[in-house]
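There are two complexes below, and they share chain A, which is joined by chain B in the first and by chain C in the second.
Then we have the complex of A and B:
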């Protein structure tokens, strides 16, 4: 970041003098790269180097804060994420949930529908799951309860996602702001449930109140079922986006709504249908969170995953298979830096700083994939330099 | 009865002031076409930067100098939020990155930054104080106009009314008035000056503005940075005035998002944001004043600002009245050669 900033600053610093001499001509200009230039290898190389630089910078910052030596810091981070069986399962579980939310936001994003409301959509389906467990738990046999829970959570996610979609489709209501506001309505609805369900005034409704409808353990592993479900979903979403007619329509609407209309795609229908898919996937994430993981609910259950998912999906360029990698990166950072902060008795928010820095780098490096900076040959700066070199 | 109303108005104004700072900043930013979802993070950055500056100042001197006690945290808060805004500007304007993603990343970063330094500052500098409590500095920030005290216990009715008025509207720290003044200045600048016209042009259609000879990059940078700095003051106000200089992690809560909601509620007009912020502030504390309110009513009331905002958003988009719309190029990066 610092290096990039400096180079731009120097370019800007030369601006005032350049303005006087060559009528607002900059020594460099930016050109968009053609499709032929956008090779997979080049893009991967740029992204990888951005991540490496960011990790190095984070390492330096961590040395500064903790005073530990760098190798030991990376070792601690690695230990925290993959150190033993327990940590490994926890990392895989975190990965599964975040990946599930990321899969959920992806179809809408590919359509350029900026759904910032995944947080609320997941939370409201978590609430629906918890309510099913609370009110029907013990009253109906477990298989029936499971079915009710699945139906309830998916329905809740769909409702929460489809309301903004309808308004966007028919009246062009700004979806970014609409979905953002829906998050906080969902949070407060959860608060209402907490007050109703637990009269003691605590801030969570825990496993002691939600006794029924837990996901079964597979082969003695608590989280295996979650992980398998998300793995299947990943492949399904990949196929849906890449090989189905729906997926094709989504990408056309995303590229240009006018083109879509011209070739006979019903844009309104596509917007609403895609958000239904998005909401349903959020519903699954909410179900996995409550029934498969925490067996409890509080208003911070989703913990910002809805927002992180947006970045995961965007970083992977909306490719579900690539998203496994980007999710792994973020989860590794989160779990790893949590280990570092506990070791040194620091505040756990440190991981958010690191995540932020890495994201800035990856966001920034997209520029170098999409555009190139070309020297302005006619500029005085180069003429002088070139002239002296020639002589 | 009058005392109760006075108290209610006071608390609503205190509660609304951080929102007013945040939304004024965000309105200026959005008018340039930048949808800065990093505002919650920037407000945290502003708050914690002020706290760090104030903490070192209070630790280094025995008796605080009132002028320095105000200036040091203020300058630090402005610098912190400026830095955060510059990150956003550099990524979205110079590197043309996606604004939503950048903003959310900035919020992650800023909130983490605030909570980390708020939670670990004492440990990092090996200080022996138990917690960050900038009470001396907060006292300076909370210095109020003395009119209400002068008029206390007066017996004639006009004087009593005057006292009530002074108590209700003239007994705040300077930052409460600063918020109103900044919002009014922003409203006039946006609506009445050439600069405001240019800024709005950039937000509506940057290509046209560029063709008219307006430096789009410069306007976007300035608007976003100044907007961010104003929002950062909201964070500073919250710690120095509202919580008496005591930093608590995540104490600021969802006020940053509420400020973004307020932008819509005020339909991108800073003068409307003044009333809107006090209204949202009032909704935030209303449950204290409802007799026999059960516990469940609190979240329902807290939900109201967001529901009202959604309704305004829907209403505005359905009516399609020109002057109430979001800036047309909101959320889009501008690249000259892509016209």
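Then we have the complex of A and C:
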């Protein structure tokens, strides 16, 4: 097929003296994968190999740094998360709470509303729950107390979420900073409550002061109710986002505000309405934390879940069903590395490093699912050898 | 004219991953010659020229400059070979003067404004440019900016000039001026390469035409021996009927009346200035004007997306003759008033469609509110999507494919198809064939004609005057937000429209002076 080429002279001989040879092009290109290449199987393969590489790397590092057997470390991690009934229930409980917060942030993120305030929204709801338990506990019958707690926590979450939404909708304020700062306000309000409720100066208000309004045990399982509530919410949020008109409007606003205006969607209304939903879900998370889990409150109760939830949501591409898996992964790493730290007597930092490395690989491999690296055949590196290779 | 090829490309191939941008291209340009490179979007014209200007490097093949093989690895190398490229999007520093921009990047150790001005004036006089070296770029009109770009290249001593779609931003008169300059350059022995997809321009300016199709060089023909039909056939690879049918408008009734509409931007600039006109049923009203003269704002004002600072927009309901005022209504309210208004905006994926959603979900954009249920009905949109895919021959794996994965022409078919499906009585389209290949363009023109025959009032914003004059019954010209005239599509001349396009600008210059 190829026509005969003219004799190739070396570049240097033919260049005018004024020309300084500069190499502009890189030896490799990053190319977006075509549709045919982005199959489920290939994505799964890339993800699996990312985890394997991460585990190998961590294992080698462990041998060199601590001298421990990496396989027994991984085994301990697994046991810590799923080893016995107690650990398994604890893992499922952690999963339920983190998943609940993740469900809460998802509608907002799908709308491209960068809500970094889930932490504060959950904390303020927890505070509202604790206050209901503290002030109304014993004064009203338990079912009524429960209702008040639910209403109070949901309302608190909604208020905390809707304030930045209103400012964003009407005055175009930056929601990232606004929601972030609302977190600190929530923390300070909790501190005030601690001072008021517990005169001893303790930095938590514990079960001894919050005696009423605890969630009942189901079938003898303390956490089963929490888990069931979150399971139902997961399905509801999935349906809301995928099959409801509201969910459709959220997607359109998130993808393109101009398109939303073009079809007559009231963007302000959608922003506020979605943040009400988001805040209400944070309210449920706060309720589950206080009434369903710890029966206590302190300013670090949420423990960064409001931020971890953002990662869970993004990793699952805002699909609530996939979020069950991404939450499980994060909770597993967290619980497992805690177990490793105690069993092997390692510094907490070490298990966190391992978790970090594994997460880095899992998130980083998303790049290779969408793109591939291809050799640039015109580059001098390949000129002599010729041909191309896909990496 | 001598016969030494200024540039010769031999078997040039360039790939980006699995995409072949150019394959075994062979062509040459002689000194004192204007070569037009013709091809549809995506045929590899710009990639080829980027290899000459040092932005890309060919994978295979050779480039010969003045008969010697050249290695062009950077724009600097290209300058050393006296190759200059004038890009479609200008690369100028706004707050600098013309002279400062012209010498930008030339490292000869000194900055001598007087000397530069003198040299710039010499160049201008030689080729017939009009340029004020001390004028700042931000004060310039588009055509002046282009002049600066060309002078910049000549100042550096370019003998080989490449112009990428230079006429896209010019009025007919400005285009004529540019062509006069290019002819001067040809007479001066320079090699000029002009990339374009406007056939009549190719015929009027070039000596030879090189045609690219899907990255391959199909043929090079002498301009004097060819015709529009032949060029199109070579470009598309099959016979294409270039005629647009234009029936006489029938049953014309006033459908949409815009009266004294004013619109001011946030910065206080008048976007629309006392605009008044009437669109009639059963006719196509064309809107011509230089890009950014208020066309978009006008359509958005009618569609309820632009706040009006004055004036009225009224619609006559064809069913009962009721008159509806559309001012200060949003698109949802307009729909609820029973106004059947469809709008194909200029920004297809940023406004008319959602790129990440599939065809079915995009069909739903207009109709998802239907019904009282809080859940979506995807059945009807899915049927509509499949109907449109079938009737307009949309190339797609299925209705579940995200719209952004479709090619430009197919995206437009989806959008136009959806807008027509709602049986509009007013249909507004903005630059509906931009970026489309010839066959898709004609599909769109035919759809518009069908709508016209069905009694729809079609408003068509276009950029190609030849098409406007072939398709439209009346052509309204807009300049700087003002309506400068409405002419008959059958009897007007291009010069007339060109004059109207710049009318207000000229008037303003007069006032300033």
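By our rule, the second predicted complex is superposed on the first by the 336 of 391 C-alpha atoms of A that agree within 3 Å, B and C clash if a C-alpha of one lies under 4 Å from a C-alpha of the other, contacts with A are read in each partner's own complex, and residues count from 1 in each chain.
What we mean here is this: contacts are C-beta pairs under 8 Å (C-beta built on N, C-alpha and C of every residue); 3 or more make two chains touch, one makes a residue touch a chain.
Keep in mind that what you see is a predicted model, and the values were worked out from it rather than measured.
By the touch criterion defined above, A:31 lies against chain B and chain C together after alignment on the C-alpha atoms of chain A.
In the superposed pair of complexes, A:41 makes contact with neither chain B nor chain C. When both complexes are overlaid on chain A, the residue A:349 reaches chain B alone and has no touch with chain C.
Contacts of A:262 after superposition: chain C is touched, whereas chain B is not reached.
Which of chain B and chain C touches more residues of chain A is settled by the count: it is B.
Legend: residue contacts after superposition of the two complexes on their common chain; A:171 is shown touching chain B, with no touch to chain C.
After overlaying the two complexes on the shared chain, residue contacts for A:141 are found with neither chain B nor chain C.
In the superposed model, A:188 lies in contact with chain B only, and not with chain C.
Touch criterion met: A:364 reaches chain B, while chain C stays clear of it. In the superposition on chain A, A:67 makes contact with neither chain B nor chain C. When both complexes are aligned on chain A by C-alpha atoms, chain A residues 5, 8, 31 touch chain B in the first and chain C in the second. Contact residues on chain C toward chain A in their complex (touch as defined above): 10-11, 14-18, 24, 54-62, 68-71, 73-74, 76-77, 80-81, 303-305, 330-335, 343, 345, 347, 349-357, 361, 364-366, 368-369, 374-376, 397, 405. Interface residues of chain A facing chain B in the complex, by the touch rule stated above, are 1, 4-5, 8, 30-32, 65, 114, 116, 167, 171-174, 176-178, 180-185, 187-189, 191-192, 195-196, 201, 304, 307-308, 310-311, 314, 345-347, 349-353, 355-357, 359-360, 363-364, 366-367, 370-371. Within the complex, the chain A residues that touch chain C are 2-3, 5-6, 8-9, 11, 14-16, 18-25, 29, 31, 34-35, 243-248, 251-252, 255-256, 258-259, 261-266, 372, 374, 377-378.
Those residues of chain B that touch chain A in the shared complex are 35, 37, 87, 90-91, 94-98, 100-102, 104-116, 118-120, 123-124, 249, 254, 257-258, 260-261, 264, 294-296, 298-300, 302-303, 306-307, 309-310, 313-314, 317-318, 326, 330-331, 335, 337-338.
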